[in-house]
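The chains carry the letters A, B, C, D and E, assigned in the order they are written, with residues numbered from 1 in each.
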Amino acid sequence: MEYKLIKLEKIQEFINSLIATGKQVLAPKQKKEKVFFSLIHSFEEIAMDYIQTAFSAKSAVFPKCEELYTFEKNGKETILNNPQAPENDTIVFGMRPCDGAAFDYLATFFLKENPDYHFKMRYDNTIFVGLTCSSGDEFCFCSSVGISPSDTRGSDLMLTKTENGYYVEIITEKGKKLVEQFANFFEQIEQIDKTKYVANIQKRFDSSALKEKISGAFDWERWEETSLPCFGCGTCAFSCPTCTCFDIQDEANLLGGTRYRIWDTCALGIFTKHASGHNPREKQSERWRNRILHKFLYTDEQFGILSCVGCGRCIRNCPAELSIIEQVNAITEG
Amino acid sequence: MSDLINKTSQFFSSGIIDLFIGYKKGRLGEGKPAFFTKPDQLSELIFDENCIVNLAVYLRKPELKKYSKIGILANFGTLRALLQLAAENQITDGQYLILTVADGKVLEFANLKAIEEYVANNLPKPNPERLALLKEIESKSREERWDFWTRELSSCIRCYACRAACPLCYCEQCLVECNQPQWVGVPPTGLGNLEWHIVRAMHLAGRCISCGECEAACPMEIPLGLLTQKLNMTIISNFGQIPGTKREPDYALSTFKVDDKENFIR
Amino acid sequence: MENMYLPYRMFIEKITEEAPLVRTYRLKFKNPADEEKFSFKAGQFGEYSIFGEGESTFCIASSPTRKGYIECTFRVAGRVTKALANCEEGDEIGFRGPYGNTFPIDDWKGKNLLFIAGGIGLPPLRCVIWNCLDLRENYRDITILYGARSVNDLVYKHELEEWNNRPDVNLFTTVDPGGETPNWKGKVGFVPAILKEVSPSSDNTIAAVCGPPIMIKLTLPVLFELGFKEENIFTTLENRMKCGIGKCGHCAVGPYYVCKDGPVITYKELKELPQEY
Amino acid sequence: MQEFEPKIVAFVCNWCTYAGADLAGTSRIKYATNVRIVRFPCTGRIDYMLILKAFQNGADGVIVSGCHPNDCHYTSGNFHARRRWIVFNELLELLGFDKRRLFFSWVSAAEGAKWANLVNEVVTEVRKLGPYTEYEKLSKINVNSIGELCNV
Amino acid sequence: MARIGVFVCHCGENISSTVDCAKVAEIASNYPGVVYSIDYKYMCSDPGQNLIKEAIQKHKLTGVVVAACSPRMHEPTFRKATAEAGLNPFLCEMANLREHCSWVHFREDSTTEKAAELVRVLVEKVKHNEELFPIKVPITKTALVIGGGIGGIQAALDIANSGHKVIMVEKNPSIGGKMAQLSETFPTLDCSQCILTPRMVEVAQHPNITLYTYAEIESVDGFIGNFKVTIRQKAKSVDHKACTGCGLCIEKCPIKKIPDEFNAGLGNRAAIYVPFPQAVPNKPVIDRNNCTYFLKGKCGLCKKVCPADAIHYEQEDELIKVDVGAIVAATGFDIKHSDFFPEYGYGKYADVIDGLQFERLASASGPTLGVLKRPSDGKEPESIVFIACAGSRDPAKGIPYCSKICCMYTAKHAMLFKHKNHHGKATVFYMDIRAGGKMYDEFVRRAIEEDDVNYIRGRVSRIYEKNGKLIVCGVDTLLNSRPVEIEADMVVLATAAIANSDSEELAQKLHISYDPYHFFSEAHPKLRPVETNTAGIMLAGACQAPKDIPDTVSQASGTAAKVVALFSQDELTREPLIAYVNNNTCVGCFLCQSVCPYLAIEKEEIRRRDGTLVKTVAKINPGLCQGCGTCVALCRSKSIDIHGYTNRQIYAEVSALFNRREYAGV
């Protein structure tokens, strides 16, 4: 592994040069009370001091509204067109290590089996620049799901803020290439001990106890009671860095149109509803259970990975203040 | 607070209710929705001006069907929502035990009529900050307004949290889920988003009880409450109807006056 | 890499009216190269597209042994099936697939086969029935029990006739009481009752059951009574599906994706799944 | 350069404006060809969403017309419609929608000439405004967008 | 499966002179779903219609678009042709190429282009058309007539004479209404009772008419052809079957000083009474509010004297349920009374009376037996001032409308006075004289010219008493608004005609609409003046608006014709273009209920097989719905739709607009 340093005063130039060379830089930006990943047009727009963005940067590889293909109707013939690949590289700048781990999960999910054309098209084109957490809040629980606040999983480059500037770990070839392309902003440096720059994220639950309980948790009798405040807004899933469910919808007129895939969530009642009206997950508590079990059990069975990365977004965003941490603790307590 | 807890626990012990929907302390000290099934849980029950979630939204949950009688601790918005729901035939008089706390005293409403009177006597003035914000937007040029809303609404991810949080969005099939024909584009393009927010605002015009839950629930910080607020103001000033103040149907858009004023019809 | 969401362009070669609101379309590839590389196995399904309306999921109802076309049978229900029903012979539609697992007919060699279908549950089994009939020598007795609400609701009426006339097939057709016509020669009664009456041997026999949930629910106990083992009872699941390739999440039942791990499933496997289908 | 020919849709009620347009025909009053009439039983039937759909389908202008107040074949459909329009109009105003392209009018079965004039006026006014593109632009927003999740 | 045929009509040259019809047919043949397309000179001619019929059969068409004239012209023709070819007539639509295209545009490319597009719009619509079948509603061939005045009597007799059963309900003890109270009628001055009472008797004796007097409408349910009406028969306390009408009870009744309604308060009656000598039925009822027996529990004199033992104090109100197919509301009107006119001293000065009181004073059957005596002292007046428009046409009084009858009856009153007192002085204050009607203006002229009635155009500001005379102060606007003061012995106010005080309540029971003055609203002011918006309920007489006798009788006969026309069929057949509800998605908010002008939206309970209530949803009563679709646009969840203009159809039409690629060749 190679290590670099980018001086505090250089980071601005670095970002602006990225933009100047036509790269699309996705970075945290303040909107009202919250911070969102947004396309940045200059470094000033970036909110560098934030604990967690309201939404993850998953839209970089899985946009909320994506063309699967377009079609033109020509008499009785239909012409199908693949969507255009993005021309420019995308840089996801300043994402938290939990999000990095989430991108790692997304890559597994989308590419391991039946590789997804659209995801790959964007994923290959995206460079992930992580940023070590120097602080956390009571909703952060990455350490409880086996991720550390300086985890480099899923990142191409990992930045850690130090007194001298940003300490850069070059994790992948992609990351290395980027550094080489913009070499003049980087200084060579030896590996350092990141510990003192890294936040201490407390364990919020006992993951081994959870593992024990979760496989039989489908029939747990308290799902209904613990999920009563949930009114099914789905914000947890939309803001989740690892939620991947989508819907496919056409928009067309008589001349042609587009088949889109758009974000969807199992939190909505209509998600599983059959045309006949039968709904396998009729109640919100069942949908809530599905989400929890999906995060902590189903993907574990499927890929051997938990799909909760402990980013805490679902807790911060929940209008009814439901907490996945409390939920998991309730399950482990029985 | 002890008065509230005592009273509520009496309702439990006398078997009047078997579920109580109220609030407990949330992460920032504000009230968060809480469901109490036993009197010994009630020590956590709180009520103050920071308990803003509209609890009426929960009444449609199928999970609640198994309870024989439900008590609800209603803030002002919830009271209005209950009236509006009654006017729309969704709840009946006496179906719920309805409490509120006013001036430190617990009030139990004997019936919807009592709520009607209480609401009539306590209708708040519109929030001046909101009015100022609305005014600011209205004072922009047509193009600026279009630009403003296009940008704001393009953020919408169509999670429908605004709908889920609204106590009056109780349709079994929302218009966006109607696909024959597909009235509103489902993909969150700028167009689909605009259509959705127009539909939402129009459907709540004359029905919105101004609790603000839609905007509070919006994860994208879209000021969508301004749309419903504006339409409500239009309804009140043109037709004199204030939603959520009557227990009988009173809907400006299902009635008319021969001399309704307009200035845009040629 | 391939865009898996891009469908094959097919055209409707033939339309058969099966029953009220139930139709069978025979589809052919527009592009010979597509036909070349396409193959499927019994039990698989596909996504059928009407461009501008959306996609709908049905099984491939024709046998993989019959080359050059595929067939699907659908009931008009939602937006896409309505649009499909508006098509004419010669019209173009999209198809992508095949998706999902298959009936393990190779493992069934040398066994007796019992197919039980109700109403619109026959199309998924028709595929495997023809497949086995076309490889008749591989199997011993083949018994088909098919019921519908009324005579008019029976699908594949011509093929029922054909099967009935074949000496190597035991066909029992039945309609619900009140659904019979004066000329009806089959049985009258619900499928579970007729199954009890016919009482096929479970010895060295595979049962494949497909039909409305209530029929399956009442048929299973009869099968157990007859001595069928859970692992020898097959059915197909029908959850709401969108992508067909294990991505969109709609059909997921726990970690099991109906679209890629199913739709064919033994009762033994089914029992292990969360009850969310 | 060819002059811009606006595309105009008219949503009219069967009993007054449709008949009024018929009268314009029987009276052989000439007007611009740009208008396409869609017939409704009553203005009360006209869903505001249809107005939006017309713009989505490429209309540069939309006319909504029915019986004068008190003339409704169904006595009150137009009164209900008017209330809805008042509210809808306010919403469009706040949204900054280009309301200059949306025309409401009362045209009775006797007002063939008024109908013809209305169409000509609308065509002239919309021709001045030029093609309507704002709506089309909207349909492209967010498509494949990776970063405009939140527009700050 | 859509197999649409397009038939483009040249209409001689009406269409083809500006539209290239062949081109339109050719373009249409390329529209998806169109399997046959042809143009022809006269599509509505027999060969043209045959073209359609043959194509339907030959090409197995599932939809037909006839591009020709306005559907308001020939839609029935082509739908009939479609039906004759075996296709449901509602699968035929028309594109209006003539009135909306060829006649209003010049011959140019854009005209043909528009024509082709209009066809396309209808092709897309017809793909979503559904087979529809006319709605059949059985009809109970009995009419209910509410009100036994001249309007009700006329309607009842006309209907009954056509062979249908009639039930008449009158709230007073006798039928006859206002007309029975009048002395003479304008413009012929024949005796009102003389012409009315034979009709009253005819009603009572008619085998097809069942009469309920002293009865009111309790409730009305159902819809056209199938109303279920409950009548409250108020307790008469007299068994009319037993009663011989001898009148002994009335004679013996000790309570005799009750102001007599029939004489407009100018006379008295007993507590047991017959309203007037020619009453039908001519049998008494007990006014329980004034009867000593009912007030104090003792007396019983009438029961003692009754030779037929017909007095039944214990009688109770009875609720009678009847099934009727049509209802005629003929409840009449009232006039403004008492202290409504403080400036005219009405109610303060006994000699300021209203027109109805004058009628009674002038009537030979009235309290003064036809001698004009003023109420205060019984003197015969020498000078009478008549004030027209007392309240009417006065927005400040809340009555902006004209009461219509006052000009005429005021002239009549002045005349009657002059005929009785040739030297008397009759003065009329008026705003305008409205004497439109056969022989009406001549009548007024006669009053002025032959009977020397002094007409002063101006309003009266005040009336006061001076030396036993009433001083009427007004202005004469024809003489530069000069103030005038007239001394009068009596003043007659032509007070405004108003709706009955209980008309709003009745309208609500009938589910019919009423105007701001509580007169009942007709379905259409010009074209459907006798029907209400509620199918099967019609109007006769002044309950709709102030009317004189000839107008009332005409309208009553018109209404009767409507009822008889309805009853001429066993089943009512209605176009099926009505709204319907999707029970699965309706949430039962019922906000649609008040939007329906026909009150056709009802509540329906959806129950499981075991009887448990699932939900309550809206239900459209097909007998009442007229198909305006206002509820459809209101319904948030799109749970209501309307046949013929469904959401899918209209959406498809809108989506089919402006697809220009097809016109490349134009």
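One rule holds in what follows: contacts are C-beta pairs under 8 Å (C-beta built on N, C-alpha and C of every residue); 3 or more make two chains touch, one makes a residue touch a chain.
Keep in mind the model is a prediction, meaning the values are calculated, not measured.
Touching chain C and chain D together: A, B, E.
Traced through touching neighbours, the fewest hops from chain C to chain E number 1.
Between B-E and A-E, more contacting C-beta pairs join the chains of B-E.
On a Cα centroid basis, the chain most remote from chain C in this structure is E. One finds 33 Å separating the Cα centroids of chain B and chain D. With each centre defined as the average position of its C-alpha atoms, the distance from chain A to chain C rounds to 39 Å.
With centres taken as mean Cα positions, chain C sits 48 Å from chain B. Each of residues 584, 595, 634, 647, 651, 655 in chain E touches at least two other chains. Each of the following residues of chain C touches two or more other chains: 54, 78. Those residues of chain A in touch with two or more other chains are numbered 31, 36, 54-55, 64-65, 76, 83, 247, 249, 251, 253, 260.
Inter-chain contacts occur between A-B, A-C, A-D, A-E, B-C, B-D, B-E, C-E, D-E.
Across the complex, chain C is touched by residues 68-69, 71, 73, 76-78, 80, 82-83, 109-110, 113-118, 120, 218, 244-250, 252-253, 256-257, 259, 261, 264, 266, 271-276, 278, 280-281, 286, 290, 293-294, 297-299, 301-302 of chain A.
Interface of chain C with chain E (complex): residues 15, 85-88. Remark: chain E residues 70-73, 96, 98-101, 103-106, 108, 110-111, 113-114, 117-118, 121, 513, 521, 523-524, 533, 577, 595, 597-598, 626-630, 632-634, 642, 644-645, 647, 650-651, 653-655, 657-658 touch chain D in the complex.
The part of chain E that touches chain B in the complex is made up of residues 584-585, 587-595, 616, 634, 636-639, 647-648, 651-652, 655.
Chain B meets chain E in the complex at residues 88-90, 170-175, 178, 180-181, 183, 203, 249, 251, 253-255.
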